[in-house]
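Both complexes below contain chain A, partnered by chain B and then by chain C.
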Partner chain A sequence: METVLTVKDLNIQFTKDGEVTKPIRGVTFHVNKSEILGIVGESGCGKSVTTKAVMGLLPKKSSQITQGEILLGEQRIDQLSDKEMQHIRGNTISMIFQEPMTSLNPVFTIGQQLSEPLKRHQKMPKKERRTTIINALRSVGIPRADEIIDEYPHQLSGGMRQRVMITLALLCNPDILIADEPTTALDVTIQAQILRLLKALRQEREMSIVMITHDLGVVAELCDRVIVMYAGNVVEEALINDLFDEPLHPYTQGLIRSLPNNNERKSRLYSIEGNVPKVTEQMLGCAFANRCEFATEKCVNSAPPTVVNGNHKVRCWLLTEDGVMA
Partner chain B sequence: MTQEIILSVKNLKTYYEIKQGMFKPNKVIKAVDDVSFDVYKGETLALVGESGCGKSTIGRTILNLTQATSGEVLFNDKDLTTLNFNEMRSLRHRLQMIFQDPYASLNPKKTILQIVMEPLKVHDKYKPQERLQKIIEILEIVGLSEYHLERYPHEFSGGQRQRIGIARAVILHPDFIVADEPVSALDVSVQSQVINLMLDVQKQLGLTYLFISHDLSVVQHMTDRVAVMYLGRIVEIATTEELFDNPKHPYTKALLSAVPISHPQEKSNRILLTGDVPSPANPPTGCTFHPRCEFATELCQQQSPSATHFSASHQVHCHLYQEGANELCY
Partner chain C sequence: MLDFVIKRLAQVVIVVFLALTVVFFLIRLSGDPVALFLPPDTSREQIEEYREVLGFNRPLYEQYGEFMGNAVKGDFGTSLKTNEDALTMVLERLPATVQLAIASLIIALVVAIPVGVLAAYKKNSVFDKFAVGVTIVGQAMPSFWLGLLLIYFFAVQMNWLPSGGSGSPIHLLLPSLTLATYSIARFTRFTRSTMLDVLRMDYIRTAKASGATTFSLVSKYALKNSLIPIITLVALDLGTLLGGAVVVEMIFAWPGIGRLLMQSLLNRDFPIVMAGVFIIAFIYAMINFIADIVYAYVNPQIRVK
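Right after this comes the complex of A and B.
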């Protein structure tokens, strides 16, 4: 299978007021052509920082990629200049953000905002742009597209704005679409519409989608393969059915067990005790050790290796040869 | 089954007026339009619906944080909507609220001790020397300790802040708590901790919850009855099991089917609603759901439906089930 995006052993550090924090500590994953990869994790686990690094959107002054590389196909993109990155961004890789309300500019019409990538990347003449945009808006299921093109973002509902954002990301036919929690701010009925749209787009355009979310339901519905992140590390990577049928990392097991649907009604929900460690905390061993019920001394003292079993990768001491999984 | 009614909402209407300019008449938004329901002692009643359907407004109107336009909220044979500020305040120790956003609902300049002490001072409960002991007790119930007393809210994580919000609400031993989306701002692993806490506290202190949420899997897990709202009205109300097993209203069916599946191999019979929720400033005529309903008839466009009772606890507002009409087959 063709790999369109590879992230290898990525380490990122932020410097603020002389204090160094390391939110990403050795993240490795890849995205295949026309697959939907889910990235799951709680807030602060580094899923957004990772994708921002891929897009080259990290603040230059305060952040630094200390180790690792990001490959787009064969090309290394983590060391490109701003100019070169602008060629790729919006053209080969596009991104949809969480908040459709805040990511559109309130003082420009939909048409003005959507013509920007066409001007920039395709040098399309003005007349052609309008018809292209109207067609693109129609293709994501926006009714009255020829009127909406002249309206402002505040005149649209949340679901409509998210569709406009998706149109914006798709205008240049990108190979990869990164969707950062695209349905979190939307109601369930609208979420169902957007998820169906993303599925249909993947089929039509053979596009790869990276879906960042904290909602395991969305993952179950949409993704082919999933990586689970915890405190700046990838703790598990698996095909979707394997992840739900046989989660191997204690954290993934805990997440799946704590879903209300997997617990008896009115009973106490299974819950992972404790809190996510702060990014400023320095850890020798496994970041999950302090919340893990199977943790041993080894887990606290040294970083776990990644155990590979076909498509299923787990970063945990318990699965190494001398470890025993309870 | 006869249960004691703790709070009764009758024909409640809350309208907001929007100024259109000096010479134009004000626009009226019917956030809550003629809603009636009872809450029984010790139960958890859920209000569910999409954003903008008026579920939070009902919660706020019950506690008199928003003035009702008409209708009654009966608590202890008193109509809360007619009480003045002082009378309401003296009742507040029995009616409390847990807010959605744990980051915005705690005063950043106060320590946890001050935050949890405030309701005790306002309501003059316990002797001053006893208060500290009571606060420590309540903090222990919600899973914090004496050690946290002198800290400020920014030092806590989202889940811990929500625990403080719960401690502040339950320290007066209220009878009734309005919980407005208490877990929707939290991460999955922390969400289950807070849900467990709310269930524990309910058991220990015999609380009644009005649980406002849009997360149907949480609602299914922890509530006894559910009221489904659409554009300011309750379209269906039933016990939780009944509602999830046998939804009647086309909107309820669509809403339940939109919930993401919990396992990739699960097949869902999704009813996709087209379009968005109409603006409450300009709601459709008749049954407000008719533009999105696949079974809408002419009658639905003209008349707003009255309640049909399937059983003592299951009511639906839909023309499809009016007396005489045949049961629909899906």
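Right after this comes the complex of A and C.
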């Protein structure tokens, strides 16, 4: 299978007022062609930082990739200049964001904002741009596209704005679409529509999607494969069915156990005890050890190995060589 | 929209009326004009006669009523000194004042917006720190002092520019620069801070993620958003530039309304002062009215359909 994006042993460090934090510590994953990869984890686990690093959107002054590499197809992109990245952003890799209400510029019409990538990446003449944009808006299910192109963002609803954002991201037919919690700010019916749209677009365009979310329901609905992140590390990587049927990492097990179940009404939902460690803390062993009910001394003192069993990878001491619970 | 326009126009009338009322009573407190412009050896009877003729012996409320009655018709009386129509005298000086104000505003905008944008984009750089430092000095420097410094340096020492008077663009240079300094400082600081806010917005990240160049990001997507609050500031400053150029007009002997007002005030030439106050208050209120309409035009979110 063709790999479109590879992240190898990525380490990122932030420096602010002399204080160094390490939100990403050795993240490795890849994205296959026309695959939807989910990245799950709670707030602060490094999902967004990782994808921002891929897009080259991390602030240059305060952040630094200290180790590892990011490959777009065969090309290494983590060391490109800002100018070179401008040709890739919105062209080969696009991104949509969590906040559709604030992600569009309030003083430009939809058409003016959607023109930018066409002008920049495809040097398309003005007249052609208009028809292209109207067609693109229609293709994501926006009614009255020929009117909406001249309207301002505040005239549209949240769901419509997210569709406009998706249109913007897809205008130049990117190979990869990174969606950073695209449905979090929307209500459930709109959420379902947007997810269906993303699925359909993947089918049509053979595009890869990286879906960042903390919602396992969204993952189950949409993704082919999932990586679970915890405190700047990938703790588990599995095909979607394997992850839900047989979660191997205690953290993933905890996440799945804490999902509400429609069929029974318990008094309280399960929750994982404790808090995510601060990114400033130095960690010798497994980052999850202090919250893990199976943790041993080894877990606290030395970094866990990554155990590989086919497509299923887990970073945990509890598993034996062949990937079963010891 | 029409409702809004009518309401705002009514406010213009109220502002002008209040300004005239306040100045009318304040100026009456400053003393009797008749005693001042008649020679010291004039007899008491003659003074009384003049007061009778000019109406200054009547009760204040009567004088006020008569003044307002005439003012509504556009009649502010005649100059006590030259007997010319007061409003005409003021209007004759208006072009010079407008010229100075517009020149200052253009200088201020041309300097302040690029500097403010660049300072925001290069936040905490040497340029940013230098620009902020200079604006503090610019805002703190009184115009009478700056004007004298400029005259001393450019007119007296270097002999490059005339020290005062009007007539050519060269004459305009020093007074408009003096007048612009405060606005430059204010606009620069304001542009910088709104630009910093805008550059942090989600939609700037969106534009960046879709491959916008740094230049178009700043000069197109962020600038238009930052300009909205600046319009308000420009309107306020333009009002001040038009009405408050008294000091600069005096220093540079600029034949505008400010200088006329100052001279008339010293001479207690009440009708001219009142006509001047009327014009300045009217212009100030009108500029703010226009700013509100421009504001609605630039910011689609408050545009009423």
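Definition applied: the second predicted complex is superposed on the first by the 315 of 326 C-alpha atoms of A that agree within 3 Å, B and C clash if a C-alpha of one lies under 4 Å from a C-alpha of the other, contacts with A are read in each partner's own complex, and residues count from 1 in each chain.
Just so it is clear, a contact is a pair of C-beta atoms (placed from the backbone, for glycine too) under 8 Å apart; a residue touches a chain by one contact, two chains touch by 3 or more.
Remember, predicted model here, so these are calculated numbers, not experimental data.
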Looking at the overlay on chain A, is there a clash between chain B and chain C, or do the two fit? fit
According to the stated criteria, A:F14 is in contact with first (chain B), second (chain C), both, or neither; which is it? neither
Does the superposition put A:E116 against chain B (first), chain C (second), both, or neither? second
With the two structures laid over each other on chain A, which partner does A:F244 touch: chain B (first), chain C (second), both, or neither? first
I'd like to know which partner A:H214 touches here: chain B for first, chain C for second, both or neither. first
Specify the partner with more touching residues on chain A, choosing between chain B and chain C. B
Can A:F294 be said to touch chain B (first), chain C (second), both, or neither? neither
Between chain B (first) and chain C (second), which does A:L104 come into contact with in this model arrangement: first, second, both, or neither? second
Shortest C-alpha to C-alpha distance from chain B to chain C once the two structures are superposed, in angstrom? 5
After superposition on chain A, the chain A residues reached by both chain B and chain C are none
What residues on chain A touch chain C, complex-wise? 55, 57, 82-83, 86-91, 94-95, 97, 99, 102-108, 113, 116-117, 120-121, 152, 154, 165, 168-169, 171
Please name which positions on chain C make contact with chain A in the complex. 201-214, 216, 221, 224-225, 228, 298-301
List the residues on chain B that touch chain A in their complex, please. 50-51, 157-160, 187-193, 195-196, 199-200, 214, 216-218, 220-222, 240-241, 254-255, 257-266, 270, 272-273, 276-277
Interface residues, chain A side, partner chain B - complex: 42-43, 157-160, 187-193, 195-196, 214-218, 220-221, 240-241, 244, 254-255, 258-263, 265-266, 268-273, 275-276
